[in-house]
Amino acid sequence: MVMDLYTWGILILGTVTTFGLYMILSGVDSPWFAFAEHAFVGTAIGLTVVVSTDYIFRTIVPRVMGGEWQMIISVILGLMMLLRVSKSTLHLARIPITLSAAVGVGIGVRAQIFSGIINQIRATILPIFGGGSAMDVVSNLTIVLSVLFVFTYFFYTTEIKGPLETANKIGRNILYLAFGVLFAQTYMGRLGLLTGRMTLFLFPTNPNLYVTLIVITVMVVTTWLLHKNYPDLLKKLTPE
Amino acid sequence: MSFKILWNIDRRIYYGLLFIIVSILLLNPVGMPLKISPEVKNTWQMIDDLQPGDFVIINFCLSASGYAQLQGACNSMITHIFEKPGVTVLFMMVSDQAPIMLEEIITINGDLMPGKTTFPWYEIRGKTYGEDYINMGFYPGISNFIAALSMNFRKSLGNTDWYGEDVTDFFESHNIQSAEDVDMVVSFDSDDGAGDFMRYFFLEYGTPVIQSMIGVMVANSKVQYDAGNYAGIVPSIRGSAEYQFLQNYPGMALTQMDAFSAVQFYLMALMIVGNLGYHFYGKKQQEKV
Amino acid sequence: MGIELYPIATGKISGLIFFAVLIILTLYNLRSKKVPYIRRVPAIDAIEEGIGRATELGQPIFVSCGMSPRGVDAPTVAGLSMLTHSARMCARNDVRLIAPMGGSDQSYTVMELARDLVETQYQLEGKPESFNIDDMPFLSGRQFAWASAYCGMMMREKPATNIMVGVQYASAVYISEVGHEIGAMVISGTTYLSNIACLAASSDYVMIGEEMLAAGAYLSGDAGQLATIRTQDIGKLIFLAITVLGIVILTMGSNFVIDLLSS
Amino acid sequence: MSILRRKEFFIALIVIISIFIYVPYFFEVPQFMSDMEIWLTETTVVIIAFSVWVGLYTSTRRELVKIQRKGRGWYYSGIILGLAWVMVLSGLVLGKEATIYKFLQWAFIIPGDSTIYAILVFYLTSAGARAFRLKSLESTLLTFGAVFVLLKQAPLGELLVPWAGPVAIYIQDTLAMAATRVFNVSLAIGSVVLAIRLMAGQEMALIGLVRRATGGD
């Protein structure tokens, strides 16, 4: 019985969430959308809090118990973060904020020097003549020249005129061509998300397509009715 | 006059048609041919070359949305790794929605161990929980955590798994002490989890990193793959379909490819319609204004 | 005690040199306090146009400084500059500013910062009472929960302009199209190239990656930030010079530069 | 005025932290320095884990105020507040395997998250139909780039227009790749410079210390 309630609840509420959120496509405000949106935000906040706190209890607390005194300081610094909620203790919360900003920026940047800069130079140093087919020569030459042209588009402190202006324009055009390519690639990626979602919907593992369809019909009809006949009620039912 | 209609199509008509096309082709797949790209073949080979005694981290930086797309890659790659004899596996997540999705993957591909009724006690392709694989669950702070993991491997992970079981024996019996003992990292990403593994594991210890990522990340990951930062990539749904094909794993990724082709032609058709509308009607209207 | 006594870790010499050069350049540029020439990017005019539009129509504007999933980083700084600038313009023209905050686990700190910065702008304009903290709500630390709440707010408030800069992931297209649907002018800028490609198709104005950083520095008017742009340009020149040198030497049959970079 | 409020204290803190972060990375240092580096990194993870409670607090406060005011649609605030706290209490008190906790995840989070991602295709379609018009040189280039890749990606497209595939691969692997690379490099340089500015005490506004008055005032 409890298990039934569980499956049916997930089916119905899941459908309400899914189609409530799809309703934004219609461009019409609907209480179902508002419900789905707020329920999603609420549970999402809750989930983050639970898993983060669980990490503290599962990993950090045993280490403190195990006699790692330096972790006690970490926990104290973490707790100091909570002082941010009051104006009088706000300055104390700046210590952990400074620490996490400085460490976060530091560990990110030091590795980026290699992965983002040095290794990229290495990958751009391509043999233009010598070895390889004519096609290789053409593509290597294109890569090198495109890199040069696009870079000129990203110079901000030099006045763009003369030959630099031509290079800048070519760079900009290459960039737009690249945007077209990337749009198409991204489109395909997003399409994967839609077909993935539709697959789950059309071939549900926990099936009752009829229930889903009934729920959707109810949602569509109520929204339509509210819109046509009871605009005041609709206003009352949606948040400001 | 007819071009006026083309210029003023309501976007809801676009949406409705798209919905219908996808539904029809998913329900009645045609079965179009598929070419295997070299990078997926290469990645498949790398996983196939895993030796007994190798230790693999499988990381999820995947939200529920990305799972809908990478389902095929998750299932086929994970079973491939689990089919290699003597390989030990550690699951970890840096996305808070991932634990519940991993449980689904395990239920699909594994069976409960005899005498057990709950998670984590599942057997997948002959590997048993606690001996051949463990699930360490979620850790906060994506890049910061992975950095900490590379420096202080055992302590960052802790001794209890996601379900509160003590897993000290697992690490000791397989002699896993530091990040240098990791032989491969596989990351399923809808955020840049593999990028962090690449920066802190590959650049530090040379650990090969394989990424399977959602569509929007493909362009960036390809650049990293070409620069030699990633050892392998399985890009989005197409990569998933190819991997499923190589692995002979039955699944939806292959059937989704039909809907793919059709919708891309649909977009091209819309582009033509939009251009006709613009050049024969909209342009004049805009010039008038 | 001398740190230089420790041997350099293997394979890190090239990175260390690059880093050191950038440190020296930045410190030099900061000290000289010389404000360099900065190319004016079209997006700046777009922001002014957008706020002007809101003033005319008497509608609010939406500004987002990004999801900041990696905490405080360069694009987020640009986003905050843009938010600060918009806040000042809004306070001056009595336009209501709505800035939905959140989007990632690390956005909590950025949120407090943004609130501080915006409140200061209202105080500087002499209208502290116009600042309303509820117009900068926290809409959860999850990307899509944040985005759907953002769109819900937009559909209800019907803003004249929607400006979103900083780190924006896939949700940016969603927000931008909803913005377009309700008739808002959409100005966006982000650092993820695939996203920019999509935003270029759906926004009215788009800032391409570094253009956004330059615009942020330009708007902030802070000599230090402007000097940073100069350093970045020099950094790019160094990158180009090494690449070209490497290609020339490689063509002559030597792997010298590649080996140097690997050391 | 205590030392904890002074700007110099924070700059010193940043510089000390930076030394422990950068030096062990580039040099072979004694053990205590790498221990410090490890501790600092682990501490940030702990701080992030705690800071989510600040987020919970601020949203609770905001929604409570809304409920008190009883404005239009105030009960939606009740939904946020109620669900957030039911999640927190069930997850922490009853455990992660609790039925109610899993139920809420499957009912709201998983469908919500995947739906919004899927909606993007619809919006991209309408954006594409609108943007790909041969108006100017830029939009023409945008359109051509997209068409070739679309033809290549759809298996049927390669059969109908066989030469589209190689052209698309050429554009993808040279021009688009170069643009992406330049883009990433310039951002990487930007981040490095930002890190240096932080060390130089130029970005104190970012830790909330100095309220930066910006240009024009």
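The letters A, B, C and D name the chains in turn, as written, and every chain counts its residues from 1.
The rule is short, and it goes like this: contacts are C-beta pairs under 8 Å (C-beta built on N, C-alpha and C of every residue); 3 or more make two chains touch, one makes a residue touch a chain.
Bear in mind the structure is a predicted one, so any value in this text is a computation, not a measurement.
*Asks:* Touching both chain A and chain B, which chains are there?
*Replies:* Output, common partners of chain A and chain B: C, D.
*Asks:* Based on mean C-alpha positions, I'd like to know which chain lies farthest from chain C.
*Replies:* Looking at centroid distances, B is the chain farthest away.
*Asks:* If you tally the C-beta contacts, which comes out ahead, A-D or A-C?
*Replies:* Most C-beta pairs in contact, of the two: A-D.
*Asks:* Express in whole angstrom the distance between the two chain centres, defined as the mean CA positions of chain A and chain D.
*Replies:* 6
*Asks:* For chain A versus chain C, what separation do you get between their C-alpha means, in angstrom?
*Replies:* 16
*Asks:* Compute the distance, rounded to whole Å, between the mean C-alpha positions of chain C and chain D.
*Replies:* 12
*Asks:* Between chain B and chain D, tell me the centre distance in angstrom, where each centre is the average of that chain's C-alpha atoms.
*Replies:* From the centre of chain B to the centre of chain D is 19 Å.
*Asks:* In chain C, what residues contact two or more other chains?
*Replies:* As it turns out, chain C has residues touching two or more other chains at 12, 15, 19, 70, 72-73, 105-106, 109, 112, 140-142, 144-145, 148, 170, 178, 181, 193-195, 198, 200-201, 208-210, 232, 236, 239.
*Asks:* Among the residues of chain B, which ones contact at least 2 other chains?
*Replies:* If we look for residues of chain B contacting two or more partner chains, we find 11, 15, 63, 65-68, 97, 99, 139-141, 143-144, 147, 155-156, 162, 216-220, 223, 226, 238, 260, 263-264, 267.
*Asks:* So which stretches of chain A touch two or more other chains?
*Replies:* In chain A, residues 21, 24-25, 27, 34, 36, 38, 40-41, 44-45, 47-48, 51-52, 54-55, 60, 84, 97, 100-101, 103-105, 107-108, 110, 112-115, 117, 120, 122-124, 147, 151, 154, 175-176, 178-191, 193-194, 196-198, 200, 238-240 touch at least two other chains, as defined above.
*Asks:* Looking at the complex, which residues from chain B come into contact with chain D?
*Replies:* Per the stated touch rule, the residues are 11, 14-15, 18, 32-35, 63-68, 97, 99-101, 118-119, 139-141, 144-145, 147-148, 151-152, 155-156, 162-163, 219-220, 222-223, 226, 238, 257, 260-268, 270-271, 273-275, 278-279.
*Asks:* Using the touch rule from the top, collect the residues of chain A that touch chain B in their complex.
*Replies:* For chain A paired with chain B, touching residues are 25-27, 47-48, 51-52, 54-55, 58-60, 62-63, 68, 100, 103-104, 107-108, 111-112, 114-115, 119-120, 122-123, 182, 184-200, 202-203.
*Asks:* Which of the residues in chain A come into contact with chain C in the complex?
*Replies:* 21, 24, 27, 29, 33-34, 36-38, 40-41, 44-45, 47-48, 52, 84, 97, 100-101, 104-105, 108, 110, 113-114, 117-118, 121-122, 124-130, 144, 147-148, 151, 154-160, 175-176, 178-183, 185-186, 189-190, 238-240
*Asks:* Per the contact definition, I'd like the list of chain A residues that touch chain D in the complex.
*Replies:* The touching residues are 2, 6, 9-10, 13-15, 17-18, 21-22, 24-25, 34-36, 38-56, 60, 70-71, 73-75, 77-79, 81-82, 84-85, 91-92, 94-110, 112-113, 115-117, 120, 123-124, 139, 142-143, 146-147, 150-151, 154, 172-188, 190-191, 193-194, 196-198, 200, 235-240.
*Asks:* So in the complex, the part of chain C that touches chain D is made up of which residues?
*Replies:* Its residues touching chain D are 3, 6-9, 12, 15-16, 19, 22-23, 26-27, 30, 72-75, 77, 80-81, 84-85, 88, 102, 105-106, 108-109, 111-113, 116-117, 120-121, 124, 134, 137-138, 140-142, 144-145, 147-148, 170-171, 173-174, 176-178, 180, 191, 193, 198, 200-202, 208-210, 213, 219-222, 224, 228, 231-232, 235-236, 239.
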